[in-house]
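First subunit A sits with subunit B, and in the next complex the same chain sits with subunit C.
Presenting the complex of A and B:
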């Protein structure tokens, strides 16, 4: 009926030979569980990110930016829908279960959505720095991604995140070229968001990480994080901003003379706290999302009734 | 709720392509939601929504029986060998 593999070695050979797993396949239980967890985490993050964007629609300065934030919100919620469908098709939980666990504080999502965006500049730091970090890690998943249904929706998600990043950079440049107050606002936002953005990549990957072995991830966390730092440190400095890290320095001798920007030793405690829903804004974010879900129950009921009447 | 498979066709010569899946209560709702989920920026000119229950998924074993039928194809190697022999005989 479906494709199956005799054991994990057989499955690994299939993966190493460029094989792509489909939803109907009789995939190894561990693969199914790990990939499901990863996609559910991604879906939750898109949803929580979309709700953050939504908060800024009324406060975005000017009609064009309001339109942009409306579209971004719609994109992020749309990504969550696509991903929840892919996750639900893996057979562990349906979409309602995943949503209820998320709003109940029993599910994980990206660390960056456990912090509060205080000013408009925070929202720009998110659009520029955080979206770029998420974009880099999604592209690294898309590069190989042995789970076919996930790879196909990632293609769409990545193309839309590309628009978001350009919006983010455009908004940042407007602040950069603005008044001293605007520049100070962005510096303050950068001070708040630099480390959460760096944390988003996670601590160094376990060399035995099954997601690397099964080619869901194409690169270990530390490689992606390193590349991100190399790109964004000089860029932000060129705009005249200061990275909030006193030990940040350029080491000419790094990697046999290739040179690299090196940061302080990273404190992972803040990241771990967000994974326990113990981030600075976790409780408010989750309860807001839960309240939104409760407020829109009538829409879901109406949709169900439409189907029943047909 | 029904699960629909979404197929989009871009303008031009491309075929319909599977874009993903979604849930909706009926075909009318599916139409609205599919546009919002899969075609927000003119990604397609035609859209097919197919109730997953109506798809006949063929067992890969059925298709596997057609892989090993070499007489239905021709990779050109016999022709190449013959031409090479003729060239060598002529020279």
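Presenting the complex of A and C:
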């Protein structure tokens, strides 16, 4: 059954009343466009993230960790597949077009996939810090998410990301119990990844952000970022690591005496650079992804010829 | 029936209950027993022996599941040791998933199981126009499908 709304006010009442929009509904054009952009960005990020995990399968120390990285790669690529399907269904671009634009450097994806992972400890920092940031932001989207098909996919994604976080904690604990060299490796990785992880939440939300109004996002960026900092500063410090921010301090008076960890003023230039594909590792990442797509063309062709679903 | 037998039975039941209380790491709210991962639970001389069946041999969750089972069993304090084995046979099939949990997987996770004739029914709208789209989903135990009626991606446990 296709539902429609007389105007944007009528649609807003539906959203405010807890309504969920389905793919078959005659939704407002602006809603369709905004939600599409958001899901395409998410799909691109899952794909670029999955390709990063894949790069580390041969370098993961030990069979068990290789198995975990294989599984995480399959998870992320599978999530991308589901999200591209939901995005393509919205009628703006098909999957091939979205992929080609991504590999051409004309599409955006999460800032954290524009940096290079230098050592194995970076992979742990990513699993522990970056996955947690992504998880927090996905959970906040799932909390309301008025677009039904996206909400259903998110449900499975966040269940699996919760499982990835267990791996991240396990790997971090192993390293913290290791040698001084291992701890130094993690500190160096933390120095590289702390700010990108904080940036992942984005700058303060525009109070008129249509994604908030239409309840795709349930909380403004700054709230999520603040909660993340409150959780991870004390955790990392309890393991004996140093947050790379000289102005980081605890303010007892914050929020009428509730207290909070406050960071330096955040420099958003690095984030903006990644959104223009101008991050430190953007070019290499995108060209690797494009090369991978070209290398696997024969698989897509073979699946199509045999009549199997591609 | 002597008192020793009764105690043994109570111990076994406590261990069985503990094993069934473990949830699958990827489906919070779903017991590993309901998914058909538990083959046998035995207790002899205060030692528990638990045989589990993986959905797929390469599943990355096996270590976590085994650890969660061990922790749950030892927390009962009913036994002094716990041995967990992942069996190679019998092989897990979707038939091992119990009826109630099938409905829960459908409503909570949009994950469905093929009917005995091989057909698929959409867990969102109930339509029969669900087509397979990819043999590989986000995990070894799931493939991807799509409902042409309500236009939702669906995952199939296989």
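Going forward, the second predicted complex is superposed on the first by the 306 of 310 C-alpha atoms of A that agree within 3 Å, B and C clash if a C-alpha of one lies under 4 Å from a C-alpha of the other, contacts with A are read in each partner's own complex, and residues count from 1 in each chain.
The criterion applied here is as follows: a contact is a pair of C-beta atoms (placed from the backbone, for glycine too) under 8 Å apart; a residue touches a chain by one contact, two chains touch by 3 or more.
On a predicted model such as this, the values are computed, not experimentally measured, just so you know.
With the two structures aligned on subunit A, subunit B clashes with subunit C.
Using the contact criterion defined above for the overlaid structures, shared-chain residue A:48 touches neither subunit B nor subunit C, since it reaches no partner. Once the two complexes are overlaid on the shared chain, A:2 sits against subunit B while remaining clear of subunit C.
Once the two structures are superposed, subunit B and subunit C can be ranked by residues of subunit A touched, with C on top. When the shared chain is aligned, subunit C comes close enough to touch A:67, but subunit B does not.
Of the two partner chains placed by the overlay, only subunit C lies in contact with A:162; subunit B stays clear of it. After overlaying the two complexes on the shared chain, residue contacts for A:75 are found with subunit B and with subunit C alike. Of the two partner chains placed by the overlay, neither subunit B nor subunit C lies in contact with A:127.
In the superposition on chain A, contact of A:190 is made with neither subunit B nor subunit C. Residue contacts after overlaying the shared chain place A:175 against neither subunit B nor subunit C.
In the superposition on chain A, A:99 contacts neither subunit B nor subunit C.
With chain A used to align the two structures, subunit C clashes with subunit B at 25-33, while the other stretches in 25-33, 61-69 or 79-87 stay clear. Common to the subunit B-facing and subunit C-facing surfaces of subunit A are residues 24, 71, 74-75, 78, 81-82, 85-86, 89, 149, 152-153, 156, 308, 310. Looking at the complex, you find that subunit B touches subunit A at residues 1-3, 18-29, 36-38, 40, 57, 59-61. The touching residues of subunit C, when paired with subunit A in their complex, are 25-28, 58-61, 63-64, 108-111, 124, 131-140, 142, 144, 146, 150-153, 155.
On subunit A, the positions that touch subunit B within their shared complex are 1-3, 24, 71, 74-75, 78, 81-82, 85-86, 89, 95, 149, 152-153, 156, 303-308, 310.
Interface residues of subunit A, counted against subunit C in their complex, comprise 22-24, 64, 67-68, 70-72, 74-79, 81-82, 85-86, 89, 148-149, 152-153, 155-157, 159-160, 162-163, 166-167, 308-310.
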